[in-house]
Amino acid sequence: MLEELKEKVFKANLDLVKHGLVLFTWGNVSGIDRSKGLIVIKPSGVDYDVMKAEDMVVVDLDGKVVEGTLRPSSDTPTHIELYKAFPEVGGIVHTHSTYATAWAQAGKDIPVIGTTHADYFSQDIPCTPDMPEEWVMGEYEKTTGTAIIERFKGIKPLEVPGVLVKNHGPFSWGKTPYDAVYNAVVMEEVARMAQLAFSINPKLTMNKALVTKHYERKHGKNAYYGQK
Amino acid sequence: MLEELKEKVFKANLDLVKHGLVLFTWGNVSGIDRSKGLIVIKPSGVDYDVMKAEDMVVVDLDGKVVEGTLRPSSDTPTHIELYKAFPEVGGIVHTHSTYATAWAQAGKDIPVIGTTHADYFSQDIPCTPDMPEEWVMGEYEKTTGTAIIERFKGIKPLEVPGVLVKNHGPFSWGKTPYDAVYNAVVMEEVARMAQLAFSINPKLTMNKALVTKHYERKHGKNAYYGQK
Amino acid sequence: MLEELKEKVFKANLDLVKHGLVLFTWGNVSGIDRSKGLIVIKPSGVDYDVMKAEDMVVVDLDGKVVEGTLRPSSDTPTHIELYKAFPEVGGIVHTHSTYATAWAQAGKDIPVIGTTHADYFSQDIPCTPDMPEEWVMGEYEKTTGTAIIERFKGIKPLEVPGVLVKNHGPFSWGKTPYDAVYNAVVMEEVARMAQLAFSINPKLTMNKALVTKHYERKHGKNAYYGQK
Amino acid sequence: MLEELKEKVFKANLDLVKHGLVLFTWGNVSGIDRSKGLIVIKPSGVDYDVMKAEDMVVVDLDGKVVEGTLRPSSDTPTHIELYKAFPEVGGIVHTHSTYATAWAQAGKDIPVIGTTHADYFSQDIPCTPDMPEEWVMGEYEKTTGTAIIERFKGIKPLEVPGVLVKNHGPFSWGKTPYDAVYNAVVMEEVARMAQLAFSINPKLTMNKALVTKHYERKHGKNAYYGQK
């Protein structure tokens, strides 16, 4: 069942390792089959070097395991909330990658200060506020999704394909699991460059026109980057 | 004698290299067989790439070599003090890993500011105070253990499985040598993220509820992370 | 056509990857055949690990594709402006390498504060000012070239073989594509050292005599470094 | 002639690459045969991956090439001055390793703030002052040696086996070329830890007793680290 999607999600999970975004089991990727309403996600706490494509777990949008002998990632309820709220999203990634997590711990949006950022994110990468204590002590993984969705009011998810959860770490997404991983890599590099740039010049600035130009050059209706 | 434990301690020492926590011979792992009261530890100053499992040294809790032709790690008395004071501990690691050592040199506890930290350490990672000069000039490696044990009054060692020795570097531990190495890797990454996060926002904050939630989710009696 | 130059440009593009200067497709190298007035450049958005020498695109100095089935790098108009303005240049590189990009985002020249810098760049590495909005929204890639050329008034391009484009990233050049890549690697390392040095001592200084000595020792008419 | 020393110097040069201390050709190692009064040193500007043991150049203490078809490192006169002034030294290394060079550019001694430092250097690692302009414009590589020697008045070279040359980079030494490389690796790591530690706590302190203890434990007459 969903063998092709399982293969893609499996491969996307390994790409996290290849790009140096995960230590041990600290990351997960999922993908959704919108026509069937089913999500494929990494099992919880399984080592990447023994994991196989068939270990991927299939869950429905209520979080019920539909196929698979392993428990799904403990972050599954966050993924589900995001898939429900963001219908254009086909893949989701969560990691504790070093620099993005440092910004999340700092509790700050990553300001758009360079074209590397603007090539993929049309504005600042938002950080969620502190969650109410009852959210944390209640259905925590589900309300993590709620916190992200509230923070994205007025923001189009595919124009800002990632978020920092305060004191926790980054989530990113895209049309496919592959794109979600790609955006996770971009976020980590953008977070790193921003930490360095502010250490060099805390008062740096960027003109909005340049942000718009770069975002549109890759993602606007007259995009002219790449082959097509 | 203790061949299985030697193999585990040997492998754990090599894992330090694999995770980039040691330069040259600057690290050591030990494990204890509680039923026999014997410790297996890395020999002093032996290169990791020529070291073999049978080079591991067996010492008793008085520090006497029971088996092995090489001298045990010069830090052996520290390991012994910790094994005596922390009966739940089965493996101990000492390294000079870069970021944890930087915090030790800074003489500061690593504050819990993220879920990566809270997933493994239930509170700040403590740093010992300056040792009295007579401790340093006396049985230094033993009193290093004493300094750690005093700093841990009121703290459960398995809930905070590591410490910074001021101006020196990290020690970590766990139920097994493997767990001790795992916690050494976590400490190094947590130290790195904290250095970065404070450089981004010196006034950052984290709610205690989130710390508790994450620690309990992995280690509490209702833990639900991973497979089991 | 231009098979030898294609091979060199192709190899120079792969060298960017080898030196860790590019993520994904974020970099490009070109070379020029001055006698024919033709430029060979990397195709836009093609993965380095599937790219072949014959994928290199040949364009003339008006930007018209003369040979090749793929679209040339979207930065081609910048390369063309630089080749027109700097007749001594034979190869050009653009990357988003981490530290050089951080300085570009900071909007600051990289001050010459060490002999590593002075061995290859005779003075500070300039950063362009903000571009006028109409430049950004007009023929952006061409005016990026204009901004660089204006910034280099009074500077000899081969004595300062690189520039930071504000909020964007580094461009570098040399007599050949190989030299341009070499200078890109130097810029990245010099940018990294400068970020660290200023974090250690914001008031550091360097005597001009030492700058001159080092630059002349490698590039002056009495140069005595290396074999020749 | 001196085949064994050539092999050692050659291998020591490759070890610089292995330890990540050099980019391109930016480093050199030499060794001395005190009985013959001859130095073996890396040739100038030769790539490490094509270099062979027989390419090493033999020079006498006046800098005259005694054997070899290539030119010796342009830093040869610095090595010669140090061998003359420090009779206990058998090998010398110069690199532009990133963190040590950053401290040199900052123009600051690396303060002893940790046991990693004290295990190999008995006190702060000194940085030379600005050289007089006539030294820079005169026999520069020779006076670089003079500046180091003057800075070491009252310091025993084997107790502080390295120095920072202001705005330039580190030199290190030891009883053998291997030891000199070892100390270069230590300096780089110590420089890195110190940059980080001061960024965490600019007011950090270290007790002198701990410095002495660690230095003596490895290098004092009652040293007890390692096998022997």
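Going by the order they are written in, the chains are A, B, C and D; count residues from 1 in each one.
The criterion applied here is as follows: a contact is a pair of C-beta atoms (placed from the backbone, for glycine too) under 8 Å apart; a residue touches a chain by one contact, two chains touch by 3 or more.
Composition by chain, UniProt nomenclature: A, B, C, D = L-ribulose-5-phosphate 4-epimerase.
Just so it is clear, the structure is predicted and the values come from calculations on it, not from any experiment.
Taking only C-alpha atoms, you rotate chain B by 90 degrees to land it on chain D; that is to the nearest 5. Interface chain C/chain D: under half of the residue numbers present appear on both copies, so the contact uses mostly different residues.
Using CA-based centroids throughout, the chain positioned farthest away from chain D is A.
Here the spacing of chain C and chain D, counted between their Cα centres, is 33 Å.
Look at where the CA atoms of chain B average out and do the same for chain C: the two points lie 46 Å apart. Across the assembly, chain A contributes residues 198-199 that each touch 2 or more other chains. By the document's touch criterion, interfaces exist between A-B, A-C, B-D, C-D. Listing the residues of chain D that touch chain C in their complex gives 23-26, 43-46, 70-71, 74, 96, 98-99, 101-108, 130-131, 133, 136-137, 140, 167-169, 195, 198-199. Contact residues on chain A toward chain C in their complex (touch as defined above): 113-116, 182, 185-186, 189, 192-194, 196-201, 204-207, 209-210, 213, 217, 224-227.
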